[in-house]
Amino acid sequence: MPLIDSANIACGFHGGDPSVMRQTLLLAKQHRVEIGAHVAYPDLQGFGRRSMAMGSQELIDAIQYQISALDGMARSHGTRVSYVKPHGALYNDMLKDEALLKSVMSAVASWYRSLDLVLLATPRDKKAVELGFEYGLSLRFEAFADRGYTRAGHLVPRGKPDALLDLDAAVAQAGDIASGKLRSVKGHKLNIVPDTLCVHGDTPAALEILKAIRTSLQATSD
Amino acid sequence: MPLIDSANIACGFHGGDPSVMRQTLLLAKQHRVEIGAHVAYPDLQGFGRRSMAMGSQELIDAIQYQISALDGMARSHGTRVSYVKPHGALYNDMLKDEALLKSVMSAVASWYRSLDLVLLATPRDKKAVELGFEYGLSLRFEAFADRGYTRAGHLVPRGKPDALLDLDAAVAQAGDIASGKLRSVKGHKLNIVPDTLCVHGDTPAALEILKAIRTSLQATSD
Amino acid sequence: MPLIDSANIACGFHGGDPSVMRQTLLLAKQHRVEIGAHVAYPDLQGFGRRSMAMGSQELIDAIQYQISALDGMARSHGTRVSYVKPHGALYNDMLKDEALLKSVMSAVASWYRSLDLVLLATPRDKKAVELGFEYGLSLRFEAFADRGYTRAGHLVPRGKPDALLDLDAAVAQAGDIASGKLRSVKGHKLNIVPDTLCVHGDTPAALEILKAIRTSLQATSD
Amino acid sequence: MPLIDSANIACGFHGGDPSVMRQTLLLAKQHRVEIGAHVAYPDLQGFGRRSMAMGSQELIDAIQYQISALDGMARSHGTRVSYVKPHGALYNDMLKDEALLKSVMSAVASWYRSLDLVLLATPRDKKAVELGFEYGLSLRFEAFADRGYTRAGHLVPRGKPDALLDLDAAVAQAGDIASGKLRSVKGHKLNIVPDTLCVHGDTPAALEILKAIRTSLQATSD
């Protein structure tokens, strides 16, 4: 927590439960870390990493339920949710399926308080920017230090080689992202302009990677 | 909905799901019916009718999660939750176990907005009133038209004879409650002072019972 | 139960729970009705009607778990599972995705006792027959009395017009199926050769439809 | 796995899922380790550590479902379940509630194949032995190396001091159990005669504890 600026908290649909959520909220509050609702398909067994065909209204309901649950708990503990970041298969699917992206945007935009939406920074963000404008949403584009990129600027799917980067590669990639020199795992130049940098908390080396990136980026910016 | 003043909406732990919740919220809003969060033990398989031994903090978290989920959805559809009514085993257990009642009260009282708490009107409400005062909670005491009462003024448990009343008995009992003449199924006089009258929506004859009670009480009050 | 020859029993992943399963097993046994394991994606909230992207091995495990649960309970009550029928989205998906069909077949074929597999009878069953032969599986092709058919011989998806047939249309279609004259909702001739006829138990008019079909088919065969 | 003789496998109600179950089954098979069905209350959120008030028949159904699911998967992978060991709250509750113990025994005894039942070895096993005889069940009494004991010979509940023993204490207690010198955490002599010794797999030091106990007991028996 001391190493990050914002924390994505699972809302019980792919992970987390009310008590884990409270503990994480309190930890985030203590370290003055921004809180994001990490919303997902209803898939505890598969940790939200399985694509599910949900109707648009069903998905909107599921997303608003999750944001609401986390935010109401947060407010009861003196903090609040600032943004929404879809998780796992939902996060990836909405990049490829415009109707799905619209449903996600509609869910966040029609939630009763204004929240930002986090999505993957890719070389082709123009469409998302337009849609975000249409829905009156503030978007945050995100880059990943610890994941390999495809030529299209998407993440290499888990289970494939190069999907997860090791410590050194992640530190190097964080630097490349910061200096606008990100490349795909095959070496293609990727022109992305991210607002936020993500490191997965469930990678065993997460903490070391975070520390090394902090140190490295600090050194560069000094 | 046109027949009732307040609707208890399940929040996904014993029944309901985000889409059912939205549909019911909209229906309640349309009929200007007050909305209650029907919070329960996490027990979908048993419809919340199985007692569960949860730690106090765990229970508080589970209750706040459920209220939050429903209220956030409600507010995104232009309405809001007014009160909390525990469901099933939780509702019954908190009458018998003061520590549990305190946990429920603490959950509602520490939620970030002020909500009423509904509990069973019994001949011995004094303790609950004192605790409610201590927690700064506004309580609503409830009577049941369609359920038999024990000598102690509790509901006859489901599965036992006389647990569920038929149409005529329910109408008669609604009248008895309104006129302060409620008796247990064995005929003991029960001295209760309820604020609200409940009819279960999952009884097959629920609608007929509601209509008949409305007609009957209306006639009496004219 | 007296009206049917085989009953598909949900195994807890899209519906059902251990007690409902026991009750249905006992009812089936009493009426000497064959028992099928109605296996599904793990999706209680969506009643198994949402497609889910599961890995092949994950799906095989999920199917074998469900068959096992039902069959072990069946055998403890003096009966047993005879066949497997995928439910909802899984049933439809496996018609369109050969890799998925292979996973389903592999799950049934590698289960420890020999079971039949039920799938939709379509005009193009040749591929399924070949695969069934390859996996050493006995297949049962199924037709639906109460569902409209597309030109390709698939079911019209729920939610679209003509997806569900009413009583008269279902009786007529049952007759057409029996006499080889089935047509799509748009009137295209569909050449299918089914082994079994299905009526959904969750349609409100299911019982009437069943009775009318029984009477009608009986009259025809006399 | 190489260090143990029998492995309790969660069946999806408090932990585990079909794929985790398959992986653990295969590992157990490879190391020729006996397989036990670790059956529990339906409580994924609470990891089966919350007591739940289930009706006797409901509980029997839930237990038979879990045994069946695991055994059917086991048999499809060339192995089988040998015994049943209740988990968490169910394991503890059945020691204190004879009606519950009878339900558990009935569930195992009426399952379609003969399985042993594992329960805690206490100074007062006579009643359990009688009931086991009545139900025609073969019982295995179990002692815990890594858990503190109360004066009554039950486990000190999790969350209390001395509930979990560290490496040295666990090795010492394993020796005491083997030589009939077990004492409660307060020093009372406990006269138990166990058939099997348990070490929890979810303790961080589980592996070290296991190795040390193996070494120590080996040395003693040489």
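In order of appearance the chains are A, B, C and D, and numbering begins at 1 in each one.
Note that a residue touches a chain if its C-beta (ideal position, glycine included) is under 8 Å from a C-beta of that chain, and two chains touch if they have at least 3 such contacts.
As the structure is a computational prediction, the values presented were derived from the model and not from experiment.
S.K.: Which chains, if any, touch subunit A and subunit D both?
M.R.: Neighbours common to subunit A and subunit D are B, C.
S.K.: If you tally contacting C-beta pairs, which comes out ahead, A-C or B-C? Let me know.
M.R.: A-C
S.K.: As a quick test, compute the distance in whole Å between the mean CA positions of subunit A and subunit C.
M.R.: 40
S.K.: Out of subunit C, which residues touch more than one other chain, so two or more?
M.R.: 17, 45, 58
S.K.: Chains as vertices, touching pairs as edges: which of line, ring, star, complete or other describes this one?
M.R.: complete
S.K.: Please output the residues of subunit B touching subunit A within their complex, sorted ascending.
M.R.: It is residues 12, 17-19, 21-22, 57-58, 61-62, 64-73, 75-76, 110-112 of subunit B that touch subunit A.
S.K.: Report the residues of subunit D in contact with subunit B in the complex, numbered from low to high.
M.R.: 42-43, 45-46, 50-54, 58, 89
S.K.: Could you list, by residue number, the parts of subunit D that touch subunit A in their complex?
M.R.: The contact residues of subunit D facing subunit A are 17, 44-45.
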